[in-house]
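Just below sit the structures, each encoded as structure tokens.
Both of the next two complexes hold subunit A, though its partner changes from subunit B to subunit C.
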Partner chain A sequence: MPDNAQLLQLAIATPLGAALIIACGLPKRFSTKLAAAAFTLPALIALWLWSQFPAENAHQYAFLSTTYTGLADFGISLKLGLNGIALPMFLLAAIVGLAAGYYALRSGAERLKLYLLLLLVMHGGLLGVFASVDIFFFYFFHELALIPTFIMVGVWGGRDRHYAAMKLTIYLTAGALLSLLGLIALYVKSGANSFDLIELKDAIAAGGLRGSTQNWIGGLLLLGFGTLVSLWPLHTWAPLGYGAAPSSAAMLHAGVLKKFGLYGLIQIALPLLPLGMQHWAWKLALLAGLGNVLVVGFVTLAQRDLKQMIGYSSVMHMGYCFLGLACLSTIGTGGVVLLMVAHGLSVALLFLLATSIHHRTHSFDLSEMGGLAQKTPVLAAFFVAATMASIGLPGFANFWGELTVFVALWKFSPGLTAVAIAGVVISAIYGLRAAARVFFGPVSEQHQRVQAQHPPADLDWREKLPALILLAALLFFGFYPKAISQPVDQALGYSATPKALFTPLKTR
Partner chain B sequence: MTMLQHAILVLLLPLASAVVIALFLRRQGAVASWLSTATAGAIAAISIILLLHGERFENSIEWLRFGDFAVSLGIKFDDLAALMLFIVGCVGFLIHVFSLGYMHDDAARARFFGGLSIFMFSMIGIVLADNLFMIFIFWELVGFSSWLLINHYHHKQSAADAAKKAFIVNRVGDFGFLLGIIMCYWLNGTVNLSELARLGDTHALVFSLALPLLLFCGAVGKSAQMPLQVWLPDAMEGPTPVSALIHAATMVAAGIYMLCRISVLMVPDVLTLIMWVGTATALYAALCAVVQRDIKKVLAYSTLSQLGCMVAAFGLGSNLPGHDGGGTAVLAAGGAAAMFHLTTHAFFKALLFLGAGSVIMGCHHEQDIFKLGGLRTKMPVTFITFTIGVLAIIGLPGLAGFFSKDAILYLAMEKNTAVFAILAFTAVLTSFYMVRLWKITFLGEARSDAAKRAHESGLTMTLPLIMLAVLSVAGGYSGVFGQLAGSVAELVPEAHGSAHTIILMVSLAVMTVGAGSALLFYKTAATDTLEEQARVLFAGLTWLKESFDRLYDYYVAKVQQRFAMLLNFLEQIFLAGLIIRGFAGIVGMIGYGARALHTGSLHAYVFWFLFGAALLWAFAAGVF
Partner chain C sequence: MSTELLQAIAASNEWWALGPELTLACGALALLVIELISPKEQHRFIPHLASMALGVVLVGVVMNFGKTWGEEELFGGLVRLSVPGQIARIFFLLSSLLVCFLATICLPRARAPRVEFYHIVLVVTAALMLLAQSNHFVMFFVALETVTIGFYILVSYYRERVLSLEAGLKYLVLGALSSAILLFGIVLLYGAVGRVEQGGIVHTGFEYGTVLNFLRENPDNFLATAGALLVIGGVAFKIGAFPFQIWVPDVYQGAPTPVTAFLAVSSKAAGFAVLLTLVHRVFSPLQAVLVPVLSLLAATTIIFGNLAALKQHNTKRLMGLSGVSHAGYLLIGVVASLTVPWAAGAVWFYLFTYLLASMAVFGVMAYVAGPDDSGEELDHYGRLARERPFLGAVLAVGVGSLAGIPPLAGFMGKLLLFVAAFQAHLYGLLVVAVIGVVISIFYYFGWIRAAWFESWSPPAPGAVPAPRPLPAGPTFIGVITLAALTLATVLLGFYQQPLTSWLLE
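Showing the complex of A and B:
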């Protein structure tokens, strides 16, 4: 029986190993079975680790293990572990990976083996990101997950896939490189001679970083990570990319990989660069509040393509995350973690269902649809649930995240709180409008023609199972938010209390 | 079982019913309907036990915590909650029973009854909530159940639109409500109702003009006060039992209940505003009701008008003389009068809506009153009970509406003459349009095939009508209401001596004038007498009714959507085009690199990544 630290390693190694075996030429029928197992095992391990997580020591990393890599000269080693913030994100990656994997298995994609292989690499990378204590590997795993995304958009994408893949590559590579520069600068300036986050923290706590140094490193990280999380106005890759991406890739990227930037800001920038974050807080909040929430909110209202609309709405919701971060408080950051998990689940569910709708209507154009609920009541129910989750209805996890962020935001700026809550009204408009356009009212002419050729069937089990996994998770955290808030609160209490943040550190 | 466990049970039972229906009974409509109704019966029984047992308690558990910020879920069961729970439980149960008959042939019966159970859960959550965050949670959930049930006939465009409108308009109100709750949290350090009251008692409460104003926004949305009243008439697209339960008796009254819960935070200026908003809504809706042809729309505008009266009563509470200003006792008079009217209104308006449902059912879904007529003999039980409902709402002495309306009129007379005059005039209009509705629907000859073939409804539908008729008669007597409302009933303002005589005279006069003129004026014909006799007045009232919808439609189509299109255009042109070209220029190296990569096959991507990784390893291992 392996111990928990080994299980954590196993969770990351499983999808990567399975990808390697498939790459070595495993026949297709074995490949799908192996892939199914490789998507399932990490989810089971993640649930087990979650149950084993020591509640009272959430600020420390549990399940720690270090593997020698041959890069010790640079202070790089493969150090894995989970703290209270990493745990819910790891669980998110495992759940969304499971749903996206199951959906992909029966998606009937061309060259299915290659598709699954890339998805497995992506999944392994994602799990690695949130389990890495070493920030070099934190970055490495991100790249490992990012490259399959580009390929999947370019090869299996829909309309405009070449342009979308190129734009995605330019933006995300630029964002990643900027954040890499920031991380290297942090490594150099800290004097820790290590990429280990724990050692970095200790070194900076002992020495302290000059305010101006914190400012420029913080700015670099915000710009780089911000691009990756679609901070306005660097967000235009997102709706385009998600619009073109195949469903499983969109689910994994929008649901999980996109949170890399926010996660980096919370785990690295907030505790290590408190003054730098304080310096940029207002600028970040204004960009996020006015740009991501208001402008993109209105732009979302103008969308006619269902997938683009979901893409824009996801950009809008990232605005709430940035607003929560800008509060620099335990409440705000805690709300962001809640919202990251909730949004990851709900946006993955929406992308999945959008594809299922497309299978039945052969269109993403909202103006051509109508009355689908009469034929597919279960699909309609799922879509309404996903929409309600994403617009923050209580009972779904998203509500707690938004509520907490709004409460924190009032302390930062009541005016921006009003802007943020106005965004909730906007999201209700586009969310309900989309649901009504697709499912309710009389059956549209266009759709009648499609229905005559392909009578639409309701959701079948291969679609229902992944959708149910995501919906169950949304409801579970919606009814019992403590499952996330407790470890996060403990971890934040240690690393980013307002007190710790606003007491200026010693300067050299 | 302790009373607290009873209260928790009453909250969780309908949730369990909804879950079971959603998961297992989607195709078993009959089983679903009986499960939901049995649950409602249990709720009614437990609510009566809780009411009569007399124990009042509070309890809560922490549900989420970040640092110092915590959200709790808890139960505050006082006399106010006991009264409201009784209304929701009993009226809810009767409407469930009625629905057994009304929805018997509906293909989506399971969804309907599942929706009713979800609604009962959400509504009871509001009633029992001990803090504002919890009220907000269930506040949103009743909005969702309202959306679900208005959307029941979702193949109809009008129903889909009405459901969407109801949800969005409510969210506009909730925008202020949520801001207010958050402001309250930071201003007073708590959102717990009892703690706020304690702070008020020790004069430690921080008052602010904005706080009660923002919280009132929530009530404006949920209780459909001006200018957010537009969603309620449209909500009549839902099945009639839904209109009775959600859009007349309980959910729309939640705004008034919530105001009573937070009355300690009120300041005089805001109360004055609340009084005028309520008064304006009462008058406006009564005017609109006069020109309606649809039996449910008349009742919908009537509901708006009555809700306006309740809100006005709450606002008037501040101004009652004879108390020194500021304290909670002063407010309580207004709140108690509002709750009194809320109670009687729940009984007689549910009765009227169910009566309308019985008519609609009996007349093969004909809702235009000018195509009905002559139902007096064909539907005797419906006729008698509906008549009792009409008499109750117009305030015939001895029936429930008489007592509660007089309490509000007395409050208005004591303080604000203008409000008193408007509310008295509204009462004239109420008698006028209700008697118009009654006469045209039930008297004269049948004016359509549907009405000629009308038949009385079955027992599941007539029994709830009879029960509600009994409550509409008895609910106003102090013996009954005192039992139901406990300490709340003691606060209801009562006129004595000469004031009593004046109120009685005014009350009788407005009823006689309104009812008498309608009885004499309207002919039982296929056309609206008012439209023929006073064309200008009729057109004016119709314009008044439509003006708000026109304004909002204009805003949505011409302002909001165009603004969205403009921003979208700018976004595509500037961000995606110009700026990004610049950005791509700055990172030109990467751009070219990516393009170069992109032109190759996917092997190129993998190659570059592996190349980089190998290079790093080689460097570290000292190969160079």
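Showing the complex of A and C:
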């Protein structure tokens, strides 16, 4: 029986190993079976590790293991482990990966083997991102997951895929390189001579960085990570990319990979550069509040394409995350982690259902649909539930995330809180309107024609199973948010940040 | 040379130290003899003999890595044995081996004479190895000229093709110009060092050690500084750094593909091997002048290379101009190595990753190209991934590694250079480098897009594009070689121990 640290390694190695085996020319029959196993095993391991996680010591990394790759002299080694913040994200990656993988297996995509291979690489990278203690490998795994996204958009994408793939590639590579520069700057300036986050924290706690140094490194990280998380006005790649991406890639990217930047800011920038973050907090909050929530909110209202609308709405919800981050308080940051998990699940579910809708309507245009609920009641129920979750209705995980963020935000700036709450109204309008257009009301002419040719069937099991997984997780965390909030709270409370910046988390 | 010196050399058996170079030179001559005496139908084995010679020498050098032969400086200070020199030998041997592999694909198709090609490749390889180990400006110049003259012939090897001849002529004229600049620099240095009233000693004014001592005592000497800068200008021509890059696109396009690869990899690496020796040993007292000059060279090279490559559709020109930008990144490493010693190892690491990736890409180019390999466009790659998935995969990995995308080896090379530049406080250059990398993503991905995302330019209305023949399928050896290059590129991205353990001591 391997110990838990080895299990963590196994969870990351499984999808990558499966991808390698498929690449070596495994026949298609076995490839799908192997891929199914490789998507399932990490999820099981993640659940097991979650049950084994020592909640009272969540600020420390559990399941630690170190592997040297030949760059030990530079302080680079593959160090894996999970703390209270990483654990929920790791779990999110495993769950969304499982759903996206199952959906892809039965999607009947052209060149299915290659599709699965890329998806497996992406999944392995995602699991690695959140399990890395070494910030170099944190970046490395992110890129490992990012490259397949580009290819999947370019090869299997929908409308405008070439343009979308190129734009995605350039924006995300630029953002990633900027954040890499920020990480190298931390490595050099901290004096730790190591990319190990634990050693970096110790070195900075011992020496401390000057305020001006913190400011520019913080700015670099915010710019780089901000691009990756679609901070306004660097967000334009996101709706376009998601609009073109095949469903499983959109699920994994919007649901999990995009959280990389926020996760990096929480795990790296907040504890290591508290003064730098304080310096940028107001600018970040204004950009996020006015840009991401208000401007993008209105843009979302004007969307007629279902997938683009979901893409824009995800950009908008990232605004709440940035707002929570800008509060620089334990409660705000904790809310962001909750919201990241919740949003990851709900947006993945929405992308999955949008593709299912497309299979039945042969269109993403909202004006070409209508009345689908009569033919496909289960799909309608799922979609309405996902929309409610995304708006932040109590009972779903998103509610707790948004609530905590708003509570923290009130202390930071009541004005921005008002803006954020106005954003909830906006998202309710577009979300419910989209649900109404697709499923209720009169059937549009075009859709009547499509229905005549292809009578729509309700969700079958290959679509229901991944959707159920995601919905169950959303409801579970909605009714039992403590499962996430407790380790997160523990981890944030012990952060290396000067205590003065943080107010203790009382409400809950 | 006096007779005593020759006797001393004979007594100390110093020739053993140059065993690899001597073996290659003898092998080159043997190839010609074999062609003369063997029946014509046996001539197809000659390329394999050349590859075998390179392989045997490579194995020998690797096995004897790190061993010394007593004296460091041999032949009265002409040659200096060192660890970087050994690394350079391995690099050039590996590169030439792959060039021979490319030649076995391209030359039969072009119906060009074969034996002479391999003969010249062996001679040039030996000269490259001597060049990297030279310790004396005369030795340096002779080795460099041997290399350059070899390249004059190789570039215009397809003597029935206009583009190849044009490339040869351009390389000849501009190469002669650069040799003149270099020689002028050497003479100025000799003149400055040899001046008796400043304590110079006339007959050793070419030796690196003497020049170093002179510069240490007179770091402000104008003549010597001018000479040093001219020498660096001559070397910049070899590595294709701005403003000495003007020959690159045309020569790369016109030359046969194996020669393009040879130029792109070995010639560039030779420039860097020499540059590292020069700035670290000979010109080290001139750092106050060298750092700004090299920094400017690096920044302009990166910007020029990337911007020029942006609109290229011809794959060889694209490789050439993007290679210019790689020279720029490497120059950052050279500048950084003046303050951060391990950066020299990072430059070599980068060169090795560049070798693996470039050779993989050139291999695919060789297969995709028809009989006329200078006209290869990005559009010819449409459907490559569908028709020859193996070549498509090799291309994706190679180009991805050149673009510096994790988890491939090229990314690790760039990472090490960036870390070194950070430690050397070269923030301005880093910003330029990052901008350059982002620009390069556009054209490198354009290539992958052309190969993988189906045809991306709609055919002109009315005109029916001539169907291109299916690219030739790789032979067994081709599959093995390309797969090995690809695997090495991927593995080095994950596990760098094999290279770092001997490059970054």
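Quick note on the criterion: the second predicted complex is superposed on the first by the 496 of 508 C-alpha atoms of A that agree within 3 Å, B and C clash if a C-alpha of one lies under 4 Å from a C-alpha of the other, contacts with A are read in each partner's own complex, and residues count from 1 in each chain.
Basically, contacts are C-beta pairs under 8 Å (C-beta built on N, C-alpha and C of every residue); 3 or more make two chains touch, one makes a residue touch a chain.
The structure presented is a predicted model; accordingly, all values stated were derived computationally and were not measured.
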Partner chain(s) touched by A:Tyr187 [first = subunit B, second = subunit C, both, neither]: second
First, second, both or neither for A:Gln374, with subunit B first and subunit C second: first
Partner chain in contact with A:Gly154 - subunit B first, subunit C second, else both or neither: both
First, second, both or neither for A:Gly415, with subunit B first and subunit C second: neither
First (subunit B), second (subunit C), both or neither touched by A:Leu71: both
Contacts of A:Thr330 with subunit B and subunit C, given as first, second, both or neither: first
More subunit A residues in contact - subunit B or subunit C: B
Contacts of A:Val407 with subunit B and subunit C, given as first, second, both or neither: first
First, second, both or neither for A:Phe399, with subunit B first and subunit C second: first
Touched partner set for A:Ala165, first subunit B, second subunit C, both or neither: both
Residues on subunit A lying within both footprints (that of subunit B and that of subunit C): 70-71, 73-74, 140, 143-144, 147, 150-151, 154-155, 162, 165-166, 169-170, 173-174, 177
Subunit C - residues contacting subunit A, complex: 400, 405-407, 411-412, 415-416, 418-419, 422-423, 430, 434, 437-438, 441-442, 445-446, 448-449, 452-453, 456, 494-501, 504
Subunit A residues within the subunit B interface of the complex: 70-71, 73-74, 76, 140, 143-144, 147, 150-151, 154-155, 162, 165-166, 169-170, 173-174, 177, 233-234, 236, 240, 295, 298-303, 329-331, 333-335, 371, 373-374, 388, 393-395, 399-400, 403-404, 406-408, 410-411, 414, 417-418, 421-422, 424-425, 428-429, 432-433, 436, 439-442, 481-482, 485-486, 488-489, 492-493, 497-498
In the complex with subunit C, residue positions of subunit A that touch it: 68-71, 73-74, 136, 139-140, 143-144, 147, 150-151, 154-155, 161-162, 165-166, 169-170, 173-174, 177-178, 180-181, 184-185, 187-188
Complex contacts: residues of subunit B adjacent to subunit A: 63-69, 71, 133, 136-138, 140-141, 144, 147, 151, 154-157, 159-161, 163-164, 167-168, 171-172, 174-175, 178-179, 182-183, 185-186, 560-561, 563-565, 567-568, 571, 575-576, 579-580, 583-584, 587, 590-591, 593-595, 597-598, 602, 605-606, 609, 613, 616-617, 620-622
